[in-house]
Amino acid sequence: MPSTSVPPSLAQEIPPLLGRYREIRAATEALCRPLQVEDYVLQAMPDASPTRWHLAHVSWFFETFVLEPRVPAYRPFDPRYRALFNSYYNAVGPQFSRPVRGHLSRPTVAEVYAYRAHVDRGVASVLRSGNAEVVAPMVELGLQHEQQHQELILTDIKFNLSVNPLRPHCYPVTIPVGGETSRLDWLDVPGGVVWIGTDGPGFAFDNEGPRHRTLLAPYRLATRPVTNGEYLEFVDSGGYRDWRWWTSEGWRIVQERGWDAPLYWERDTDEWHVYTLAGPIALDPASPVAHVSWFEADAYARWRGWRLPTEAEWEHAATDLAIVGNFQESGLFHPLPAPGGDDLRQAFGDVWEWTQSAYLPYPGFQPMSGDAGEYNGKFMINQMVLRGGSCATSRSHIRPSYRNFFPPDARWQFSGIRLAADL
Amino acid sequence: MPSTSVPPSLAQEIPPLLGRYREIRAATEALCRPLQVEDYVLQAMPDASPTRWHLAHVSWFFETFVLEPRVPAYRPFDPRYRALFNSYYNAVGPQFSRPVRGHLSRPTVAEVYAYRAHVDRGVASVLRSGNAEVVAPMVELGLQHEQQHQELILTDIKFNLSVNPLRPHCYPVTIPVGGETSRLDWLDVPGGVVWIGTDGPGFAFDNEGPRHRTLLAPYRLATRPVTNGEYLEFVDSGGYRDWRWWTSEGWRIVQERGWDAPLYWERDTDEWHVYTLAGPIALDPASPVAHVSWFEADAYARWRGWRLPTEAEWEHAATDLAIVGNFQESGLFHPLPAPGGDDLRQAFGDVWEWTQSAYLPYPGFQPMSGDAGEYNGKFMINQMVLRGGSCATSRSHIRPSYRNFFPPDARWQFSGIRLAADL
Amino acid sequence: MPSTSVPPSLAQEIPPLLGRYREIRAATEALCRPLQVEDYVLQAMPDASPTRWHLAHVSWFFETFVLEPRVPAYRPFDPRYRALFNSYYNAVGPQFSRPVRGHLSRPTVAEVYAYRAHVDRGVASVLRSGNAEVVAPMVELGLQHEQQHQELILTDIKFNLSVNPLRPHCYPVTIPVGGETSRLDWLDVPGGVVWIGTDGPGFAFDNEGPRHRTLLAPYRLATRPVTNGEYLEFVDSGGYRDWRWWTSEGWRIVQERGWDAPLYWERDTDEWHVYTLAGPIALDPASPVAHVSWFEADAYARWRGWRLPTEAEWEHAATDLAIVGNFQESGLFHPLPAPGGDDLRQAFGDVWEWTQSAYLPYPGFQPMSGDAGEYNGKFMINQMVLRGGSCATSRSHIRPSYRNFFPPDARWQFSGIRLAADL
Amino acid sequence: MPSTSVPPSLAQEIPPLLGRYREIRAATEALCRPLQVEDYVLQAMPDASPTRWHLAHVSWFFETFVLEPRVPAYRPFDPRYRALFNSYYNAVGPQFSRPVRGHLSRPTVAEVYAYRAHVDRGVASVLRSGNAEVVAPMVELGLQHEQQHQELILTDIKFNLSVNPLRPHCYPVTIPVGGETSRLDWLDVPGGVVWIGTDGPGFAFDNEGPRHRTLLAPYRLATRPVTNGEYLEFVDSGGYRDWRWWTSEGWRIVQERGWDAPLYWERDTDEWHVYTLAGPIALDPASPVAHVSWFEADAYARWRGWRLPTEAEWEHAATDLAIVGNFQESGLFHPLPAPGGDDLRQAFGDVWEWTQSAYLPYPGFQPMSGDAGEYNGKFMINQMVLRGGSCATSRSHIRPSYRNFFPPDARWQFSGIRLAADL
C-alpha cells in the first residue's frame, strides 16, 4: 500500500539524516506489507497494540516532538490524533486508553498511511531547511523510537495472530530447521572495577548513562544462549510442576496461567511445534529458546544450577564484540542456531537475554529534558533488564549499552536465556 | 463487495422460499455496504460481536442445520468454521470464546463473503431439489435467525463505532429532527381471560407458544412510547441521583457504571446530542427515547407514578394492530416521532418496549426438537421481555406474539418505554 | 451471655405484644448460645453476614423505625450505629459496606448484647405506654424481621463455619439418619381462576398482596420434596457434566464454580457426607435435598422430565394446609425425611421450595409507606420465588402466601425442590 | 490470657537460649494483651493476617522445623495445623489460602494459646536435653522469625482496626505530640570500594550475605528521615495530583486507589489526624512521616530534587552506628521526632527507610539448606529493600545488614523516607 521509493537521480541531494529517515520509515512499512487490512486492527491483549496504532503513533512522535514545536507553518493532519495516538506522555496531554486500542477502526489503514505521508513531507521539509540542525537530535530520537516500534509491530502481530485457531501464516518465508546444536562453553571473565554505560558520542537513550564504574566479582558466561533442546529437558523433567525452581511470584503465575512451556509452544500428540510469523513449524532443538518470561529464565537457570548474568556482567563481556547476528534485516523474524566457535556468540540478535538486574537508574541518571523526558525514566520500577537485541531488532538499532526492560511475566518478546555463574 | 443480483429473466423460475432466502441474504449484505473493512473486525464489548462474525455465523447456521444434515454431497467451506462460528450450540460442539471474537482477523472479510456465497449455492441447490420441502422449515428458521442478526449487526456496529473519539458517520442518511411531539393519551383495556401466544399457522419461535389463556385485570396503556423530551425531564430532575426510583440492583449499577443518561446521550456544554449510525445529531425531544436499560425504564415509570406493562397486557392490546412503523427498511436506523392519532401508535418498529415480565416459559412450553433446540429455551432466566420490534428490525420479522429478551442492564439495543397502569 | 428471663410474678402484666417481643428476642439469642466469641465475627462470603452484625442490625431496626421516630425521650445507644448497622435503607442514610461486615471487631459481642438490652428497655417502655398502639404495627414488622434474621443467623453461621478445614461442630444435637424414604406420589389440581396473595387480616409483608385472581391450567404437584437419594441419581448419572439439563447461565456457573453436587456435600472416598450445624454427617437418602440453587433445581426437574411449580400453583395447593413440619423450633436445623401419607407433605418447614416464578410485583402492588418501604419492593428483579419455609424458619413466621426470594445461584439457604407438571 | 512467668528460683538453671526463647515468646503475647477476642479474628486485606494466625504460625514454625524433625517423641498438638498454619513453605506441604485467613474462627484464641504452651513445653524440653546444640540454630531462626511476626502483629492489627468507623483505641498509651522539629542536615560520604553484607558471627538471615565488596560513588545522606511537616508540603502543593513526580506505575496506582496522603492520614475539616494503635491523634509535624509506599517515597524525593539512597549507601553509612532509637520496647508503636544532633539519627527504629535498591540476591547468594530454605530467597523479585527497623521492631532484632523488603505499593508497615543525593 505505501509507496516510499525515491527517484535515484535525486538521491544524492538528500541530507544524510533525511536519507536515514526515509530508510527507516520505509522499513517500517515494508514490515507491514504482508498484512491484510483486518490484521492491522487486532489487539488480543493490552500489551499487543494494533499495527494501525504503531504506524500512527511513530508518526505522532515526529509530529508532536519535531514538527509542532519547531515548524511554525506545520498543520497537524488531524488535531484529534494528538490524544488518539499519544502513548503515555502526560506532558503532551490525555491519551486514548491503551488496553482498548483495538476497539478503533478509524482512522482506517489507508488514512494512517496518508497521515504518515503527511508527516514525512513535514519532516523532509524541515530537514532540508535551515532548521535541520536544530531538529536533528529529536529526529534521531524519533528514528530510534520508530525502530523500537518496528520490533513491537512484529512481536505484537505475532501475538495477535497466534490466538486465531486458523494459525495464519503471515510472512511468506521459510525458516530453516534441523541444523546442529553448537557446543555450550563457558567464558571466564576476571572481574574488577569496570566502566559501564555510555556517554556517547553515538546515539544512546538517556537510560544508558551516565557512564560509571562498577565492581564485578570474577564470573563466567555461557558462550551461547540456551537452546530449545536444552529447555525441553526442563519441560520434560517436570520443571513447570516443581515449585523448587521458581520464585514465589513466578510459581503463582505459572499456576494461575497454566503455563507448561514457553509461549507459542504447542504439543501436537508428542511433537512440539512453535508458532512463528511464517506459521507453525517444528520445534528446532538447536535454536535458542525464545518467548520465555524472566520467571522461566530464572527458574531454568536455578534448575541447571547456574544463574542469570547481571546487566553489568553482560555489558562488560559484550562491549567489544562486533555487532553481527540474526536481526530484523534477515527477514526471518525467528532465532537461528548459534554458529560454531569458542567465543561469546549471539550476544546480539536472535533473542534478548534476560538479566538478573532490575531496571533502575544508573548513578547520577537524569531523564532527558523536555516533553520527551517521560521516554524511559518513569518505568524504572518492577521491570527487569534484557540485553542484546533479537531477530526482530534492526541491526542498526542495537549497541552493547542498550537496556531493554520488561516486567518479569512478559513473554511475547523474543526473550531468551544466557547462563552465568560465579567464578 | 457482495454481488447478489439475480438476472430478471430467471426470476420467475425461483421457488418462493429461495426468493425469500435471496432477498434476506442480500438485505444483510446491503446493511454492511457502508462499512470499511476495518469496521468489520471490531468488538468493543463482549455483547457487540464483529460484523465479520455475524456474516459468517448466519451462514454457519444454514451450513450446520440445513446443508450438513440434509445434503449428503455438501462439502463444508472450511471444517474449522464449525467451532469458529458456533455461537452457543453445545449440541454442535465447542465454540470460539464469545468475548474475544474481536481478536480474530481471519478469515478476512473477503473470505467471509466467499463463505456466504458457498453456502448460498448449497441452499439454492437444495431448495431447487426434491428435498426442498424437507429442509424448508429449517431454512425458514435460518432466515428468521438471519433477520435477528441483521438487527444485531446494526446495534453492534453502532456500539463498536461509538467508542471511537472520531465519532464516525457510518450510514450516509439524514435523520429528520425537529418534528412535533405527539400528544400522550391513554388507552383503557377492560381485561378478562384472554388468549396469549401463538400456535401458528405462520412462523413463530418456539418461545411464542403454546397459545394459552391468561387473566388480565383492567389496565391502561400509553398510546405512544415515552419521548426524549419527557425522559429529559427525568434526567434534569436528578432522577439518576435519587435512589427512590430504582430497584436495589439498578441503583448499584447506576453508581458503578456512572450512568447519568441513556446510552449514546452526550452533553456538549448545555446541548444534548445522541450518537447515531449517521453520526451525532441533536437530541430530538419528539422522538421516542431509546437505548435505556430495563432499570432505567422501570425507574422512569416509577418516577412518573406509572409502571411498565406486562407482556400479556402488551400483546393483548397489540394483537390486532396493523404492523406498520419505522423499521429497518426505512434505512434510518433511528426512531422517529410518533404520528398523530388517538389509538395505540408505534407498537411496532421504532423502539422495543420493555415489559415488567420476566422471560419465562409459557405454560406447556417445549423447546423445538433437534440441535437447534438450544435456540431460545435455555435463556429463560434473569432476562426481561421486550415487545414490538425497532427501527433496526425488519418489518417482515415482527409479530404481536414476538418475545425479545435481554438482561435488565442491556442498553445497546433500540429499547424504549411504554407506560402502563392499573385501572 | 444474654439474660432474658422474666420474673414469673410479673408475667401476667406484660402486654401481649411485649410478651411476643421478648419471646422472639430471646429466641434469637438462644440460637447464638453455642457460638464461640470468635464465631460471631466471621463473614466468609458477602452474603453471609457475621452473627454480631445480625444481632445488632435487628436491634437497629427497632431503634430506627420504632424508638427514634416515636419515643421523644429515647437516646440512641451509640449514634454511630445508625450507619454501621443499616443494611440497605437509603432513606435512613449511608450504610457500612455489606461485603466487609466481617472486617469489624467492634462493637464487641458483649457490647452488642448491651445494645440489644438497651433497645429492649426502650421497646418495653413504649409498649407499656400510651403509645403502644401507635407503634404496634412497626414492632410487629420488626419481629417478623428479626425472625427472618434468625434464619439468616443459622444459614450464615453454617456457611461461615463450613469453610474451616477443622469442620466445627457448632450445635450439640444429633440429627437422625437412616429413616425410610416416603413414597413419591402426585397430587392433581384442576386449575381455574383462583385467588392468590393476601390482604390480611393477619400480618403479611407488603409483597404478599394485593390479593388477586389468576388463571391456572390443571397441574400436578409431587406430594413431597425431592430426596437426597433421588438427587444423588442425578449427580451419579453425570448431571453436572451434561449441558442439556441446564439453562445457559446455569451451565456457565456450574463450570466456573466447579459445582458437582449441592453445597455442603463432600465425597469421602466413595461415601457422601454433608456438613451440618452439628458437624458432618452421612448423607441421608430419605431426607429432602437441600442447599441447591435454582439452577440445580431447574436442571434436576428437566432431567426427570418434570418442571418446577409456579408460585401460584404452589400457593393454591398449600393454602388450606395445616402449618406443621420441621421448623427452627425442633433445634435440628436440618431437614428430615417426609412422613408417610398420600397428601401434600412438607409444604411447610424442612426446605424452601424453588418455584419457576420470578420475584415480581403482584398486580396493584404498592410498597408500604415510610422509611421501611425499601423492605421488599426494591428487590423485584433477577430473583426467583421460594415458598414454604425451612428447618431454620420459625413456625410462627411462615404462611401460605409467604414469598421468599433469592438470586438463582444462591445455595446457602435450606433450599430444595418440589416437582410439578402440566396435566 | 497467657501466663508466661517463670518462678524466679528456677531462673538460674535455664539455658541461655531457653531464656531468650521464653522472653521473646512472652513478648509476643504481651503485645496481644490489650486485644479483645474479636480483634484476633480480623483480616481486612490479604496482607494483614489475623492475630490468631500469627500466634499460631510462629508456633507452627517451631513445631515444624524444630520439634517434628528433631524430637522423635514429640506429638503434634493437632496434625491438621500442619496445613492450616503453614504460610508459604511448599516443602512442608499445602497451605490454607492466605487471603482468607480471616474466614476462620477455630481454633479459638484460647486453643491457640494452648497450642503455644504445648510447643513451648516441647522446645523447653529439647533445649534442656542433649539435643540442645543440634536444634539451637533452628530455634534461633524461629525466634528471629517470631520477632518479625511481632512487628506484623502490630502493623496488621493497626490496619485491621483502622477500617472500623468506630476508630478503636487499642493500646492505652499516650503518644507525645508537639515536640520541635530537628534540623535537617546532610552527611557527606566519600565513597570507594566498601564491604557490604555480613558473614556473621552473629545471627543473620541468609539474604544478608555473602559479605562482598561494592563500589560506591561519593554521596550524601540526610541526617534524619523526612518529617510529617515536610511531607505535608508535598501533599499541600498538589504532589498527589501531578504526574511529574511519579513513576508510571506509581501514577497509575495513585489514581486507581485515590491516594492523596499517606495511609492513616485523615483530614478533619482542615486539621490532619493520623490513626495510631492508641487511636487517632493530631498529625505531629516533627515526627517522621510513616506509612508511605515506595512510590510515594520516590515521588517525594523527586519533588524535592533528591533521591532515595541505595541499600549499599545506607548500610555503609550506618554500619558503625549504635543501635539506639524508638523500638517496639518503648510501647508507643509510633515514630517520634528525631533527637537533635549533627550526625546520622534515627537510622534504627522509628521508621523503615525505603531504598532505591530492588531486593535481589547478593553476589554468590545461596538460600539456607533444608525446608526453611524458602524463607527469603524466593521473594527476590518485584520488591524494594527497606533498612533500619521501626518503632514496631524489637531492638534486639535489627542490625545494619538487615534487609527488609516489600512491594513498592505496600503502605501498612511503618515505612518512611531518608533522602540522598550524589556528591
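Assorted remarks:
The first chain written gets the first letter, and so on, giving A, B, C and D; residue counts start at 1 in each chain.
In this text, a contact is a pair of C-beta atoms (placed from the backbone, for glycine too) under 8 Å apart; a residue touches a chain by one contact, two chains touch by 3 or more.
Fair warning: this is a prediction, and the values are worked out from it, not measured in the lab.
Common neighbours of chain A and chain D under the contact definition above are absent. Distance from chain B peaks, on a Cα-centroid basis, for D.
Per-chain CA centroids place chain B at a distance of 60 Å from chain D. The mean-CA centres of chain B and chain C are about 39 angstrom from one another, to the nearest whole unit.
Separation between the centroids of chain C and chain D, computed from CA atoms only, is 46 Å.
Among the residues of chain D, none is in touch with two or more other chains. Chain pairs recorded as touching, per the definition above, are A-B, A-D, B-C, C-D. On chain B, the positions that touch chain A within their shared complex are 36-44, 52, 80, 83-84, 96, 100, 102-109, 160-161, 163-166, 168.
By the touch rule above, chain D contacts chain A in their complex via residues 88, 90-91, 193, 212-215, 217, 243-244, 246-251, 294-295, 298, 356-358, 360-361, 363-364, 374, 378-382, 384, 408, 422.
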